[in-house]
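Heads up, the next two complexes both have subunit A, just with different partners, subunit B and then subunit C.
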Partner chain A sequence: MPELGRNLRYVAAALRVSVLAALEYRVGFWTEAVLGVIWSLAGAAPLVVALEHRPDIAGWTPWEVVLLSGFYLIFAGAFGALIEPPLFETMNHIRRGTLDYVLLRPVDSLLACMVSAFQPWRSLEMLAGAALVVVAALRLELRPGPEQLAMLAGALACGFTALYALGVLALSLSFRAMQLQNLAFLMESSIELARWPISVFRGPLKAVFTFVIPFAVMTSYPAQALLGRLDLGAAVGALVTAAALAGLARVGWARGVKNYTSASS
Partner chain B sequence: MSLGPKLGALWRLGVAEATAYRASLLVWVLTTALPLVSLVLWHALAADGPIADYDQRAFDSYFVAAFLVRQLTATWIVWDLDRQIRTGELNALLMRPVSPVLHHAMFNLAAMPLRAGLAAPVAALVLIATGGMSLADSASSWLLFVPALILAWLLAFSIQLCIACLAFWLTRASDLYDLWISAYIVLAGYLVPTSLFPSGFGEVARALPFHATLGFPVELLIGRLDTAEALTGIGIQLAWLALFMTLGAWLWRRGLRAYGAFGA
Partner chain C sequence: MSAPEPAIVLDGLSKRFRVNQRDPGLRSAIAALFRREYVEVDAVRELSFCIDAGERVGFLGPNGAGKTTTLKMLAGLLHPTGGRAQVLGHVPARREPEFLRRVALVMGQKRQLSWDLPALDTFELNRVVYEVERGTYDARLAEMRELLDIDAVVRKPVRTLSLGERMKCELVAALLHGPEVLFLDEPTIGMDVAMQLAMREFVREYNRRHGATIVLTSHYMEDVAALCDRILVIDEGRLRFDGSIDALVRRIRPLRRVSVRAAVSEALDVLDALGERVEAQVGSVAYDVHPDRVPEAVAALLALPGARDLRVRDAPLEEVMRELFSRNERLGLDEEEGG
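Moving on, here comes the complex of A and B:
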């Protein structure tokens, strides 16, 4: 498939450009990478406060919460490094009418937009998250078997798909009205909720955060998979949610691009 | 023409702009609705008994008040001014007979009524769901709440002005404000009341400007502070405000000189 090869080469080239640009501004290592990790950890203050007053948070012991926080860092870092920058870049293109230049490229339009910018320094947060997961897993003396690791991989894949799909949906809405460009900020601030175990939420909010804006799939499910507490029903639910969101995002994007009128037309 | 009619004109412009971009304003209100989710979280956590001196109703009151105070202290001069300095749009504002700082202050304030109007139904829905909130019952708390809220807005505005002025020398000052916001979210009492922090850490947090712009007016509004504590809080607000206003004025004057140097 020559098309796939071309798309992959395009992604590699876009990544290389972003990395080179980031290496030019090495001060970004301090302002974005290090401070980003510090503040993401500081954002766990409410969890620490809750554990000061309670032995566990909705059934999650302190080290299990650390495990959860590791997965949170991975997803928050992925959002900051890979998803938020292209969202802002593309929204800028839409606003200024310069999206034409991106749409003209000989690759898939959505792909071209979603790799239009990266913040490589922010990916350090993902590494810190992975380290936190390993430390917590060692502390909890987890010995995940192949079945649990498969569940983990599945949950992570579903979580990333869902996060990307939500980003694309926000982007598709911004075609409709320039005013909706701050949806990316709304996403950024609500991702904070993924820090908490899904079992804290009750009733309709629990359903929303499991199936509509599936923060549970991003952080709670991977942690539960490692702990051997993720049942098959939930895993299938995650798969269906991620697939549905991805489909919706694809349709939303197609309609968005169709409605797009460049600056002069 | 004296200042009054000019400010009136700016106010009307600001109201018109806010009304034109009402969908955008609604998304901003939702973006700052994090306290309402904190409410759900802490309400659930306090289900089997109070956490320190906060029971479920106290958490409900705290976070609904935090949501409202957050709306009433909203300002966004840092993004507008940062962009205007970077792109040179500031030139047009400098030609006008009113200082650009006052221009932004009036625009930000003019959006307040509509913003409050959009936020009120959200807060009302939450109050219906949770069964109400407890407010301060002493007259002195209410009397002090008004200046505390005004000072909180002024403080938030001057802090943003200071950071925005750094754009005269740096390429993107709003990135620095992102750092400030991260600290604010943790330390202002936005996600958890600062009085629940471990002792020592809590006292430090309560003396910082973050808490002065949010946590302090909130605690005053729900009646958790006696008169002496309230007066101390207003003293802290005044001290930070004096500092940031002086700094802001200085940066603005120095910055305009630097701006003229490469803009002219």
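Moving on, here comes the complex of A and C:
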């Protein structure tokens, strides 16, 4: 427990520094604010277009798709605010050999890297997503019981774990291949696929998006949990997938740090 | 009573890097996409030495000698490929938090301060990272602000500071947690003379007040001479010398330099037999002579008309360093000297 408290204090201090850095440039700060709002609105635009032309999408009614889109915005916002910035920051550090000072801190090196940067305004998307989830749940007149809420919490935890693990795997690869910023861009683009229900995908693609790059766990499963349609088998599958990805990420990171060569000075 | 454990112990420490290489040009760049050629480089080869707690030790060596690689292995940043290192009883490569809280590394060419923020914000982050009590933090910060005279700069964004001001703040950021071992890698690089002096004084004072072990690498011989009682010469990854600066100077340039101010106008054939003439101009003359012949040289120089200000000293440090760092010359340090 002292370890957890120490880590939480570190996360709070590191995020504080990122927010202070964002506040340092006034024009940049307000530009990011406007962009944050645009990102949030843009996230919902394809949904409106799709639903104008179809009564449902792969068995999901319009308001169910809105619910799903809420979870999509939460994950896309989390990626933009909390994962992509430290990915770029750390990849740059690795490429330039300046990860030294981060690794010298007496905290878990992975934690230190994953909180090394933060885009506060991208978290607006998360708020917009949460608002969509609430509105959709009200329109669908959902009354989730404790079991559904537990499933929702579990699905969200698995989804976030999987998203972070994928980011860490990309980061671990950058210790070997120095210029992998494109991998982070690829991740950002791929997350777009998570805006659609997993049932729109068929065959191998469905398996890939459920177990390998588990977009289903991130958006479809939380929505299904709230709708009371997530079965126990799928929930266990999500747990195993998230745990496997987290384990793989841990091992990849440890190997990456061991191979870190720094830069000569 | 048994002797205290050394702060730093190296036993056959080695580091080998695998580095890719290719010929210049587009063709070889494309070829390297499919088949890459690697060479193995031994950056550090079987280094063995001990450093006691509170010692101030300087690493000297030409570029690429392995000094920084050694420092980074001792700080836990790089994993050794052979041998063993121990710092304050810890294996650095494990990077245990208990170890990292007791050491600090300052690199002259890298920064830990947040570029866009005043240094005070990074200090505060480090206070949380290293779990320094508020009272202790305030006292240490006040002490260092006074010693380094940085009151006027800690509130400005780091990007607006001069190199010297920034390095002072870097030192503070590295020392706020009170490290017992301080690794300094080229801390004064690019600084003007006044700033170098201030940094040296501060490091010496930190060592005196806190008994911290200091390990320093610097291209400025003056840094090492002013700060370190003991030096380790590393060349091509190997330890070539371990001892005092005086011992090193006499090893590389064993001749003593004898100089005098005098009314010299004619040929000095008699004196030339004593040693090598290194300076002869109207009003002064200097010879490098074997230590056994110093009395003879002194007597001969004092006999010159108007002789005054006679001096006997070692060769200037910069000459020793030029010879030491020259790759084309044998260093004459094949055998490590006991420190």
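Criterion: the second predicted complex is superposed on the first by the 234 of 265 C-alpha atoms of A that agree within 3 Å, B and C clash if a C-alpha of one lies under 4 Å from a C-alpha of the other, contacts with A are read in each partner's own complex, and residues count from 1 in each chain.
Just so it is clear, a residue touches a chain if its C-beta (ideal position, glycine included) is under 8 Å from a C-beta of that chain, and two chains touch if they have at least 3 such contacts.
Every value quoted in this text rests on a predicted model; they were computed, and no experiment measured them.
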item	value
Touching partner for A:105 - first (subunit B), second (subunit C), both, neither	second
Touching partner for A:202 - first (subunit B), second (subunit C), both, neither	first
Touched partner set for A:31, first subunit B, second subunit C, both or neither	first
Touching partner for A:236 - first (subunit B), second (subunit C), both, neither	neither
Partner chain in contact with A:53 - subunit B first, subunit C second, else both or neither	first
Residues on subunit A lying within both footprints (that of subunit B and that of subunit C)	none
Subunit C residues within the subunit A interface of the complex	17, 64, 68-69, 72, 75-79, 95, 97-101, 104-105, 107-112, 114, 116-117, 121-122, 124-125, 128-131, 157, 185-186
Contact set on subunit B toward subunit A in their complex	21, 23-24, 27-28, 30-32, 34, 37-38, 40-41, 44-45, 51-52, 175, 179, 182-183, 185-186, 191-192, 196-198
Complex contacts: residues of subunit A adjacent to subunit C	6, 9-10, 12-14, 16-17, 20-21, 24-25, 98, 100-101, 103-107, 109, 258, 260-262, 264-265
Subunit A residues touching subunit B - in the complex, by the definition given at the top	31, 35, 39, 42-43, 45-46, 49-50, 52-54, 57-58, 177, 179-183, 185-186, 189-190, 192-193, 196, 200-202, 205
